[in-house]
Every structure is written in structure tokens, then in C-alpha cells.
Amino acid sequence: MSTFDPRVRIGSLTMTNPVGVASGTFGYGSEYEQLIDLSSLGALYTKAVTLEPRPGNNIPRIVETPAGMLNSIGLANVGSRGFTREKYPYLRDLPCSVIVNLAGSYIEDYCQTLEYLEEHAPLAGYEVNLSCPNVKCGGMALGTDPAQVAEVTRELRKRTKKPLIIKLSPNVTDITSIAKAAEEAGADAVSCINTLVGMLIDTKHKRPLLSTGTGGLSGPAILPVGLAAVYRVSQAVSIPVIGLGGIMEADHAIQYLLAGASAIQVGTANFVDPSATARILEGITDYARREGLASIQDFHQFLGRKAQL
Amino acid sequence: MSTFDPRVRIGSLTMTNPVGVASGTFGYGSEYEQLIDLSSLGALYTKAVTLEPRPGNNIPRIVETPAGMLNSIGLANVGSRGFTREKYPYLRDLPCSVIVNLAGSYIEDYCQTLEYLEEHAPLAGYEVNLSCPNVKCGGMALGTDPAQVAEVTRELRKRTKKPLIIKLSPNVTDITSIAKAAEEAGADAVSCINTLVGMLIDTKHKRPLLSTGTGGLSGPAILPVGLAAVYRVSQAVSIPVIGLGGIMEADHAIQYLLAGASAIQVGTANFVDPSATARILEGITDYARREGLASIQDFHQFLGRKAQL
Amino acid sequence: MHHLHATVIHNRPAARGYLSLRFSWPETSPVPKPGQFLTIRVSDSPVPLLRRPFAFSDTGDGWAEILYEKRGTATTLLGGLQQGDSLDLLGPLGNSFSPPREHRRPVLIGGGIGMGPVLYWSRILAAQGYRPLLIIGARDKGLIPDLDLPRGIDFLPATDDGSLGFHGTVVDCLVNYLENHPEAEHGNLELYSCGPNPMMRALHSWSRGQLPPAPLWVSMEQTMGCAVGACMGCVVKVHGEKPFARVCMEGPVFDSSLIDWEGVGHEYL
Amino acid sequence: MHHLHATVIHNRPAARGYLSLRFSWPETSPVPKPGQFLTIRVSDSPVPLLRRPFAFSDTGDGWAEILYEKRGTATTLLGGLQQGDSLDLLGPLGNSFSPPREHRRPVLIGGGIGMGPVLYWSRILAAQGYRPLLIIGARDKGLIPDLDLPRGIDFLPATDDGSLGFHGTVVDCLVNYLENHPEAEHGNLELYSCGPNPMMRALHSWSRGQLPPAPLWVSMEQTMGCAVGACMGCVVKVHGEKPFARVCMEGPVFDSSLIDWEGVGHEYL
């Protein structure tokens, strides 16, 4: 059994290990403090923070699908000031890297939110959610156009030296063009994937099962879609790729690392098994030792990841 | 219990009922003749036919995913001449509508294949697969660009009066723009969705589980994605929409009809349960009678399908 | 809140379509309070994926119990569990019923699978010396379990077809009771309810129409993602400065006047 | 080929990790031939999704049997079946072993889960008056079932660790047998094999090196979609004008010289 260094560098930040928890599935950490050891997380990505508070979408907001779930939470959050007041004091003291997930409708929103948080609630870095399929205005279009992705990235880059991670939507024709736009505009990493657009219909009541009609599909059903995205993006950019989508088991996470990811996020699986992250980290570590992989980079030699800088 | 007319009109063709079998999952019919009553099918969509024979991709070509499967068959088929010689005599005499699924790499291929079949192997209509994710050259780009979709549709429209169905890929940013392009260029219907790009990795051997790396994801896992696509497309075009993706049960098919589809196709479910089509047709009929829906159009009143011509 | 693996003690029919599942509950875990719930991961397979929430219907020495209805995939799988099988549980979750104020008389009204928590609450209240009135509504008598209730509970079944107890809805049953028991004045009651939204809504409307209106506590349901307050999935519409409240955190028990009954909509119950 | 619902007659351990599943097989369905297979839908759930293929290992009056290994999701679920349970089957599928030509002596070589079809074939051959030589290879003796073979079969187990029978591979076992039985000349044999690809490939290479080479039939495996020839999913690389042949239609039994052994690759066996 060889030794394995699980650390991951994203921009100026070193995460203690590659296993993070995905935005929107882990609240602001406190919700899970009784269930898992938060210091074992490589990173905690908060629920999206928007400039102003948002109530979120109407109910119902969740429905199960074959091996997955649809959600239309709709960025329900307390807003940047509420975040600073209510969530920041707790998050600041957490023994793991905390990345704030930013959302908004216009580029301006993102900039203002980031500026506000840089000043009032500085944490380890930012993940920029340009791709939430559950918000009508702006959000969707933003993340699907390379030029706009480049612009928002450039603007945010001007405003922070902290790790800036652009979160990619799978609901695009060519995810690699978006990833490249983010890289060229100065992103430190990209994360993919966000949820797929999906829908289910209640045939009894003849209406969608989500109040918003369509929603975001997550969970094991999308594992192959996330892997294909990470594989392609990893061959297109040389900044780190953070992989997610459907990870339930260590084997899934290892697939992402082999596909080119430098770190992974566990989303829906937190709902199903709150101890998923611990299990997954242990599985990755065992695998690396067994296979003689000394670092996360070593996972990338098999499937031709574009060389990292 | 009211009466229900299950017939569906696509262009000049009347299908006896809305339940068809999806291209690539039902061969050329003969493979299933011992298992189901082919006269009970609304339509049989053949495996893709290309101008020249194609061997298909290397093995392995199939792998199971959570509630789905990936395939990279790669348009393996006997070509237009082989089709005419070996498959046509059987298909011609079948007691159900037979739609030939056309594939190729360039617009020219599609035109030549259609011309050849119009002359030598005339069947009920054509479904144009512009969107197979398993063919490297051309195919992918073709189906993702509205201008090219319009062009291929226009060219094929010139060459046939038979129903022309454009099959849409879900791997695009805006499926409605593709559907509209097809409609404006003269398509009689669109069918959606084809498979999603997906991948799985064999962590033991550190390589993709499909020879081609990525492949096409089908099965229940993609049900919500297909439904969202059909719902959106149905609100964008007024030609009939044929829905597919993950249909295993009558309830799934009914969801598609409510979402705006005029007919549906059963794909992967044929592998799982060869009698799925019969079960599904029965379920649709029972539902229509119970709910007092007299025709397929009646399914469209609840979720705001764009009015049909 | 603990994530634990319990062992099935029994899993047996309680009424038509209802089963009672009793399982070990460790001393080291907090004792579940009436109104609280747990979530169960019913299988290791990705289908069904999400944990399913169930309210506690009773607890005892080293055990706890839920009463559930076979409805879909997960509850059908639950129905197959046998003594000795292992159960993946998360709980106790959510808030709980609070004792009646000012020595009001507790009136507990349950319908369908909402029976569990009010049964549990009636036992606890009886043990604390209250004399709860317990009304359980159902379509017919086959849907009302044989309840081995302790003394001190006034139990009134109400069936839609009159096959057991009062012939009519739970609201009519309560009205009828009050008419026949003039001493039990509305102003002296505290109402607790769990059941289908339409039932609780009817109870709320009726209760608001009384003078003075008695406090009514309702235990709400909503499809859940995390059940620990993280996902914002399980909300119900409420009056007040925030438009939504989470069933898993602020609930499941709410003051009925907080609930926006127009916005409850979703008739999954 | 029928789609039918059979009933489990027994499902019991046959060796370490192997089980034998016997089920009803209707008179009205074609009698499965050695080499043929069926597919089973192991659950109604979407996970596992695809039907799983298994070769017949025996048949009898109103029943048929498979021998299987618990490998993953589907086979683990199969392991839970009990007498009286219902089975969703599709079969018999594929081609079958053909009798030896020119009175050649049949030599049957099985390894791992490839045992099933050669066992069945050996019984049929013995019943037809042949004297098959049956070689079963395994890592150790725990992996070789107790075979209740009829008379007329020369059975040679071969284990990697020598814990039962010949100490070595099935090829070495065969070579050794031929050395000790000069009357059994290579030119007078017809070989049939089912097992891991590397084993069959080694057998093929060895056999091609003999003069004259004996015919070798191999039963191939490949992940299947439809199992009825429709999806083109289950192909193997072959020599000849078409580059691929379907295991479910042109196979599973192939003339080993038709197989492109370089292209078999995939080590899932």
C-alpha cells in the first residue's frame, strides 16, 4: 500500500481532500453538524446566495424520478445581507474550506453580491452558479453563452483574488466552449454539472408535479451525463475540473477523478445517506493506495486529461 | 366509459394508435415477431439506415447505468441496398406503419439514401436521425444547428411527399429552436428525444466502459429529460410531436401525451419487457376512457400545447 | 437527530392497507416526541432513491413504532420487512406537539395515515393526566385499527359510511360531540390534528368560525429531500414575513393560523 | 423463443459463490438445447434495468436449470429467490452446440460460470451414446460443484492450486490427458468450450498449433440489450466479410476460428 496525498489545489486554496458537498444539498453546514464530522469535508459549497433574499418557487418543489429527483427550489435564500448576518459567523469558524455559491439574474447581481461578500463575509472562495435551470430571468441564458460566461468571469475576477469556480450547466450544445470561455476569462476552476432540465407530470391531476413545470434533475440517473461532461471538459481546459452529478458511491467519485476531475462534490446523495461523503473519501483513499496513485493528478494519466498548469 | 379514438395523423399517414417502437431498439421487426403481435403497433421505426453499410463501433457497445443504459452501437446497419434486399420485403408486408430511420454524416448522404429508398423500398415515412451521438463525423453537428436542420429538412422535403419526421437531440442548448427550424422547413412532425451523451468508466481497468468513450443514454433515467423536451417543443411548434425517452409504463406514455405528444415511441423498454407496447397501449386506452378523452388531441388541453393545424 | 441502524421487532397489519412497524430504538438516542418523525432509507438501490418520512406512532422501552400505509414503491418495500431485518433510520426529526395551555382539554383529530402521531400524543397526554378526546376518521371501519388505548382517552371513531362510530366527517363528529357535551366548550379546548390537508383545512375553517376560536395545531406533510432543513424542498406556504416554512424544521407541527391554506394546494394526501 | 413466467423449483448453492436455479419449463415451450440461453428480468424495478442472460445447465421433465454466479446487482437479487417465486423468462435463445462430426470424440471444457452449458452438453452427449471427456477448470476445489454426472462421461477437474484433480490449467490438463491416452489423437477430437475469454483463447491457440487442428466450438459472452438480435449490442469481432457477429443470434456458439481473438478484448469474464 503506497501513500496517497488527498490534497487538492484550486487557485490559491488547498482543500484537504477532494470530497466536497454540493451547493443546495447541504444548506449552510449547520444542518448536518449532528450527522457528520464537518472537518472531514474537502469543501462545503453553500446554498446559492443572491444579492437580495429570495422566497423560492411555489410548492411542490421536489419529486422523485427513476433513480433521481427533480427540484425547483428556485434559489430560496436569505440574500447577501441575511447570509452575512445569519450564516457567516457559523461558516467562518468551520474546520473545512467553505465556498460560497453565487447566483443572480444579471451580471451586475453577481458582481454586487461578490463585492458585498468580499467585504462582509469573506470565506474560502466562490462558485458561480450561472446555470440554475429553475430561475426564469437571465440565469439560464447567462450560463449557456460563452461570451456572457467570459464576461461575468472577467468581472468577478477583477473583484477577487480568491478561488473563482464557474459552475457549468449540462443543458448546452457544447459544454467545452463554455468551460474554455471561463478558463480564458480567468476562472481558477470549473465545476460540472448542475442539474439537467427535467419534468414529470401527475397524470391523475393532469399537471406538472413541480409548481414550475420543469425543474432540475439530479441523482444517480445523471451520473453518466456528468461523467461525459467532465471527461470532455477535462480534455478542453487545463484548469482544475470539479466533478459532480449522481455520485452515490466511492466508485462513482473515482470514475470522475479518472475522467479528469481534481475534486468532486456529493449532492443528492447527502439526502439519501448523510454519511456518504465519509464513505466516498475512504473509498477513494483505499483505491489510490491499492492502485499506487500518490496524488489526485495520478488519476489523470489514464484517460488523457489535458495537462494541468 | 366513453369511447376513445386512438388514431394519430402524421402528415398524410394515419397510424392506428399512438404507440410505436423506437429506432434501434426493435431491429427490423422480424426479431420480435415471435414475441408480440406486430399489428398492434402504431408504428415501427426501423434501425437507422445509411447509404452504405456500416459495421458499427467496436465492442463493448452496451453498459447499464442507474435506471438506464449507454449504447454506442454506432449506426451498424446493412446500408440502403442491403436494406432494400434483406429487410424491405419483410417490412413491406407488415400490418403496421413502418417508418424508416435515416442517418448519415452529411446532408448529401441523407438525400441520396432517401432517394434510393423512395424508389426501391417505399414504406410509410421517414424519421431523420440528425442527432445520433455515437457517430463522430458530421451527425452531431448537423442536428444541433437550426440552419443545418432546416437545410436537410428542406432538401428531404423536396424529395418525398411521405411523412417526414425530424428526430431531435436533447444535447442542445435550445431544442425548441431546432424544432422550429424543422417545422418551418416543412417537416410533418418532430420526434424527441434521442439519447443523451453519457459515459461510465471501469475503475478496475481505468478506461471507459464503452469502446467509444462516450455513448448514448436511454431508459427510465432520461424520462424527465424527454418529458421536459416534449413539453417545451409542444409549446413551440404546431406540427405533431412524437415523444420518447424512458417510457416503461403506460403512465409514462400518458405523461408524454399530456405534455403535448401526439404519439410516443417505446425504446429501451422493449429490451426489458417485450410486451411493454401492448401494456402501454392498453393503459393509454383505459386512461382515455376513464378520463373521458375522446382522442389524442384531448390529452393536449391541460398543459397548453400549441394549437395543431 | 441520529443516523442509526435499527432492527425490526415486528411489522404487522394494523388495519386494511396499514401496517405497524416496530423497531429497536437505542437508549442513547433522544426519545422521540409526539409529532416528531424519522426518515427511512428503504433500500440500498437507487430506486426508490429518497428517504421516506414517517411520524412516530408510539415508543416504549428500547423501541419505537410507526404506522404506515402501503402507497407506492417505498412503502410496498417496507411491507416486506421482517423481524430481525435492519433499518436505516434518521431521527427524531422536526418539532413536536406542545401541551395544552391553561388546562384546556386536548382534542386530537386524526385521519388516514395522520393517525400515528395523534395516537402517540393521546397516550402521552393520558399518561400526563389529561383526558384527551381522540377522534379518528376513516372511510369505513376496516381502515380503523384495533387500538389498544390506555384508560383516560375518550375515543370516537368516525366513518364516512357509518360502519363504525359516528357517521360523517371528523368535523361533524366533533360538532356533534360538543353539542352533546355542553360542558366541553370550544373556548376550553386545544385542538391537534394530523391527516389529509382537506380535513385539516376544514377543521381550521370550522374552528376559526367559533367564538372564541380554539388553538389548532396541525401536523403537515410535504415531499422531503433532506429532512434536516438543508434543501428548502419541504416548505409549506405560511402567513408572515417569510412566505414559506420548512415542514422538517419549523414543523411538522404548525399553528393552523400560520398556514396559508389556499397555498397548500397539492392534493397528494 | 417464448416470453414466459415460470416458477422457481429450487435455488440452491452448487459451489462457492455458485447457485443452481431450477424452474418450471412449460411443455408448450421449445426444449432448450445445450448452448442456448435465456434472459431473466430479475426485478420490476428500473434497477437493475436490463434482462440478464444465462445459459441452460440442464433440463428435465417440465423444468430447466441454470448455474450462476453471484457477481453483481442482478445475480445477487437472483440469489434471494425461493421456491414458488415467479420468474420472468425469455428463451430459449441463440444457437446450440452441434454434434461431433465423423464420430469424433467430444471434449468439453468449461471454466467458471461457463460450466453450465458444457455440463448440459455432456449429459446430452452421454445420453446419445458418446463418451465425452469433460474438463472443468477452477481456481480451487471449492469452486467445482458436486456433479451428479451420469455414466459415460470422463470427468477431469483441473484446479489452479491442485486442490482437486489436475494441478494446472484446462489446456495443460487436456495436453496431459492426450499424452497419457495416445489413442485419443487430436485429429479425432471435437472440442467444445465455454468459459473466460482468456481460457478459450488459450485453447484456441493451442488447438490451432496441433496437426491436424481439431474443430473447436466456443460459447461466447457479451453484454446484451435485447437478446433477440435487434439492437446489435452483443457483437463479437469475427473474421469474414462482416466484422461483427451477434452473440445472441449468430451465437452464442461459434467456430473458434471465426472469432477475432485479438478483438475480444473486454476482460469482463
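Here the chain labels run A, B, C and D in written order, and each chain numbers its own residues starting at 1.
Keep this in mind: contacts are C-beta pairs under 8 Å (C-beta built on N, C-alpha and C of every residue); 3 or more make two chains touch, one makes a residue touch a chain.
For reference, the UniProt names are A, B = Dihydroorotate dehydrogenase; C, D = FAD-binding FR-type domain-containing protein.
The structure presented is a predicted model; accordingly, all values stated were derived computationally and were not measured.
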Contact-pair count is greater, between B-C and B-D, for B-D
Taking each chain's centre as the mean of its CA atoms, the one lying farthest from the centre of subunit A is chain D
Subunit B to subunit D, mean C-alpha position gap in Å, rounds to 37
Chain centres from averaged Cα atoms put subunit A and subunit D apart, in whole Å, by 47
For the pair subunit A and subunit B, the C-alpha centroid-to-centroid distance in angstrom is 33
Two or more other chains are touched by the subunit D residues 46-47
By the touch definition above, subunit A meets two or more other chains at residues 66-68, 219-221
Among line, ring, star, complete and other, the chain touch graph is complete
The subunit A residues in contact with subunit C across the complex are 24-27, 31-32, 34-35, 47, 55-56, 58-64, 66-69, 71, 73, 76, 205, 219-221, 248, 268, 270-275
The subunit D residues in contact with subunit B across the complex are 1-3, 41, 46-51, 88, 90, 222-237, 242-244, 263, 265-268
Subunit B contacts subunit C in the complex at 66-67
Subunit C contacts subunit D in the complex at 45-47, 73
Contacts from subunit A onto subunit B in the complex sit at residues 65-68, 70, 144, 171-174, 196-201, 203, 206-208, 213-214, 217, 219-225, 227-228, 231-232, 246, 251, 254-255, 258-259, 287, 302-303
